[in-house]
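There are two complexes below, and they share subunit A, which is joined by subunit B in the first and by subunit C in the second.
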Partner chain A sequence: MTAAAAIQKAKAALALTSNYAVAYAVKAADVDVVAVYPITPQTTIVEKIAEFVDDGELNADLIHVESEHSAMSAVVGAAAAGARVFTATSSQGLELMHEVLHIASGLRLPVVMAVPARAISAPISIHGDYSDVMNTRDTGWITYIASSAQEVYDTVIQAYKVAETTLLPVMVSYDGFLMSHTTEPVELNDEEAVKRFLPRRERPNVLRPEKPITMGAFAMPDWYYEIKYQVQEALASSLKTIEEVDAEYGKAFGRSYGIIQTYRMEDADYAVIAYGGAAFGNAREAVDVARERGIRAGAIRLRVWRPFPADRLLKQLAGVKAFAVIDRAIAFGSPGGGPAFIDVATALYMGGMDVPGLSVIHGIGQRSMYVEDFVKVFEMLKDGERNKVVYMGLRL
Partner chain B sequence: MIEIRFHGRGGQGMVTASQVLATAAIMEGKYAQAFPEFGPERRGAPVKAYLRIDDRPIYKREPVVEPDVVVVGDQSLFVSENPLEGIKGNGILVVNGAYKAPVKTYYVDATSLALKLLGKAIVNTAMIGAVVKATGVVGLETALAALNKYFSGKIYELNAQLVKVAFDQTKEL
Partner chain C sequence: MKVVYKAIWDLPVEELFASGHRACAGCGPAIAMRWITKTAGPNTVVVNATGCMEVTTTQYPETAWMVPYLHVAFENAAAAASGVDSAIRVTSKKGLWRSGKTNVIVIAGDGGTYDIGLQSLSGMLERGHHVLYILYDNEAYMNTGIQRSGGTPRYAWTTTTPVGRAIRGKIQAKKDIMGIVMAHRVPYAATASISNIIDMSNKIKTALEYTEEGPTFLHIMAPCPPGWRFPEERTVEAARLAVETGYFPLYEYDHGKIRLNPPTSNMVADPKRRKPLREFLKFQGRFAHLTDAEIGELEKEVVANLEYLAKLASL
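Now for the complex of A and B:
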């Protein structure tokens, strides 16, 4: 895009935080039921949705629940009754709803939830990192990690189509505070066009009095395994749906993102793999600085965390001398340090590839991450540092 | 890219000032990014906010370390921290009340103006007027239109007047 075209495009934009971008997307998706329970930094999402409902701009039932466990239970129930649903949470709230996350995926309900990612107690922290999102790794949810308010808006809309096509719940996460409370330009779609993009369709797993079915039944050892395997299969094949929906969205609205995003990877010797707005944004800037210093650097962003996009990632790592993964969460007691590093290492092993890597933990509890930190990671890779965990920004 | 760092105390509204100016820049077709550095969220605690404005998309999301402009809403912050840290050689300080600093400085008596017009020492909107005058980073009319997206009715009218008076009274030291 030329600068002039970019400016023309931005002229139509509103100034929104990522949290408000979620609320506008939920309104455009014409959601029926929203379960509301406040927690920082999520709260302004449901505040804005409540405003839309109060102003008559969104015809949804707003359910004030008594906890996040109830919030997820309420949207599971509403989705089982056929409604298009939404809820949002962060940190302790996501922990509290954890058991119901498994029920949403096990019942194959297309729940959509936004999670501005936040650190976990103790000690209490309201600040951002991805400890909460990473703890949901094995719950059977499709999980996006967006990197701008615009992408947050676009992804929530895509999430409904993906959820209703795959019959899997979808989480759209992004940086708590560093995105949830950051004002930036967001171009909104025509809401009628969004309605056409998200037609209401019949689902097999809806409770109807005229055609009764059983949901959440007891499964004995002769069937439980098969039913859980179906979730695993559905997640694996959902990558194709995620890609198709993203492409269709791009045709309809002019913006698409892919499953992984790359920056200057074409001839890169060293790659930094990151997720979220601050980690990838700063890594991307660091690529330019490192290249000025003579290092052939590139950056890769995991836009989809679950299912893990192993094949697409391995294609990018095929030509590099070494890589680093930036994790904004600690996988306590693990051999890999951070959750994404563990998956990248596993993907390489399963793909029969041997590329050395560095596991970098950074931005924990929103410890400031600077572009220069990421340049330093490229310098470490160039200097031959390998196969260890680096706790960046830690005071010792 | 222009990078602005706001220093204030909780309750002065400096975070909102950064958001209003980001909104104005976006209304003028530019790219902008405004975000707060939250410490303990309470009245009186030091607060920082960051604002970037550019003609191109902004990817960097680090705190502003080498500001082109530093905005200080409360001079007592010069005692407890160093608001000018990292400021560029040709950087500009915009400060509430005259303050002698080693960089080009613009000032306005924001507290007195706010007390007179609002009856409260909430200086953020006066500082918006001062930043617009000192830097021209957005137009005054756009700043007022952006302000109207955050405040409406009588509160907007009073604050809009405060922006205009502060704009007029901002002087180079």
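Now for the complex of A and C:
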């Protein structure tokens, strides 16, 4: 790229928080119905969308629902009637929605939701961690965890294509506050090009008077299992769609991310697996520092959390001596400490692999995660610490 | 009320609620469903809360609904219907909804309305959605096996308000759901009974017409033979006696003005035309334990409620 072109490119970028990036993506996707309820740190998404709607820049109906339960219910209703929909929430709001999350996937509705991830009460905390997102693990939603405002913008647009192709709901999550309220340069797409990327297609099963169908039927033991199995199958096969949509997006707009992201994994002896912006950013920095100190370190980011990208991850872990998972959530009372560690360990077992690992809990309720903490993780791995849960940053 | 139907032969012939569903013999709500769908016609989306009508009509892979139908959960029918309404309005503007003007009707029981669904109902009314919300009131959680709700009347036996040695039936009075809805200043709200089909059908028509302006509400009395403990051939009689004894007054709230409908208006004008409450209570097992004193108390409440409504109607 010439210097002039680089400047031109820089000019095309706006300074946006991840929350505003979501709002711009929703506008580009020409969403029809938005239903949201305010909650920190999500609120600035809906504030920005309200501006777009009230200025006539987004031709959508913004439903000012009286709770997050109703937010999810309203977008389920709108999606059932064939509309392109959006909602967003965090923390307690996601917990309140929980019942309807299962219904959105069970009804196979392409709902798209943004979740700046936040800690859960009690004690009440408005700060970031991934306790809320991790609690939705078994709801049948495709779940991305993005790591930059640019990726948030791109992923929300990709999410519509993935949702409308797989007929599954899609959640795009990212760090509450550390990303939701942090300004970064974001390159926006030409909105006409986004419309071409997201063409309107009539879905097969929607509420239409000329072809009446019953949605949300009552299933007895003779049918319930088969219907739920279809969700499981759709989720498993969605990884291919996620990959294809990412590649197609890359061709159209010049940015793609893959399912997992790796950093200096080519010759790594020790790997740190992380998700989200702050944890993976620190992990990458720590890899450089650890390598300066003579440790062959590498980092892996889970960009897609559900469906869990086991095959891709195992390929990366095949050559390492040990790994650590940084979890920003606690799986209370579990054998593995953190939810992602449990999944990595399960993936290894199911893949017939035996790689020792450390389960590291950090960044709970936005406890500061320092690069040096992550360097310490590499040092622990090198020193032979294995198969235990480490509560990093905890004051005892 | 807009009088579309003057007599029984004016009522729509087309059936949109199929027979063969699994509701109990003599089900009051099923009678309501039949007339709601007939009156609304095929260009209608029904959003149903969890409850008797949902469970008995949609057992996969069969359905009784010949109109598009959505069930999401128990407490959120009004929210889901808000989404359907918004979707139809916006996608119509964008040329993506090609079915023309379409009614959006919520159907929910007393549990789904008085209790768990009250918040989403209030939100939908406040936001002014173009939705007709129909409450079919059988006065308890019948689907789960006759538990008391906010719509259960005082002293009624239910499985969670048993007639014990210390406490005999439900202690509290039935919630004034119409009062709550009217407090939202909606264009139209009315009570109706499955015993008075012409009145009910005209109210459905009127409500749907006003729904173009904003949300409307119908409270339909729909007795439940197993829940109220009476023989299944007496459902319509039970509903009629609820009206004729003044237990369930028929009235409308039309743009701020309350109007009593016959026969309620007649018994307010001439108290002798109101049947004694005992006639409504006496053949129902749920009230079999009532003493004369308790019946007297309930009768006083009925009279007081009629006087209250008459005052509102005079404003």
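Note that in this section the second predicted complex is superposed on the first by the 386 of 396 C-alpha atoms of A that agree within 3 Å, B and C clash if a C-alpha of one lies under 4 Å from a C-alpha of the other, contacts with A are read in each partner's own complex, and residues count from 1 in each chain.
Basically, contacts are C-beta pairs under 8 Å (C-beta built on N, C-alpha and C of every residue); 3 or more make two chains touch, one makes a residue touch a chain.
None of the values given here were measured: they were computed from a predicted structure.
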{"item": "Partner chain(s) touched by A:A83 [first = subunit B, second = subunit C, both, neither]", "value": "second"}
{"item": "Partner chain in contact with A:N282 - subunit B first, subunit C second, else both or neither", "value": "first"}
{"item": "Contacts of A:A15 with subunit B and subunit C, given as first, second, both or neither", "value": "first"}
{"item": "First, second, both or neither for A:F218, with subunit B first and subunit C second", "value": "second"}
{"item": "Subunit A residues touched - subunit C or subunit B, whichever exceeds", "value": "C"}
{"item": "First (subunit B), second (subunit C), both or neither touched by A:M369", "value": "first"}
{"item": "First, second, both or neither for A:E210, with subunit B first and subunit C second", "value": "second"}
{"item": "Overlap of the subunit B and subunit C footprints on subunit A, listed as residue numbers", "value": "none"}
{"item": "Interface residues, subunit A side, partner subunit C - complex", "value": "32-33, 35, 59-61, 63-67, 69-71, 73-83, 85, 99-100, 103, 107, 200, 207-210, 212-220, 223, 227"}
{"item": "Sites on subunit A touched by subunit B in the complex", "value": "3, 6-8, 10-11, 13-15, 126-127, 175, 177-179, 181-185, 277-278, 281-282, 284-285, 368-371"}
{"item": "Of subunit B, residues touching subunit A in the complex", "value": "18-19, 22-23, 26-27, 29-36, 38, 55-63, 65, 146, 149"}
{"item": "In the complex with subunit A, residue positions of subunit C that touch it", "value": "42-45, 47-48, 54-55, 58-61, 63, 65-73, 75-76, 78-84, 86-91, 93-94, 96-97, 99, 102, 119-120, 122-123, 126-127"}
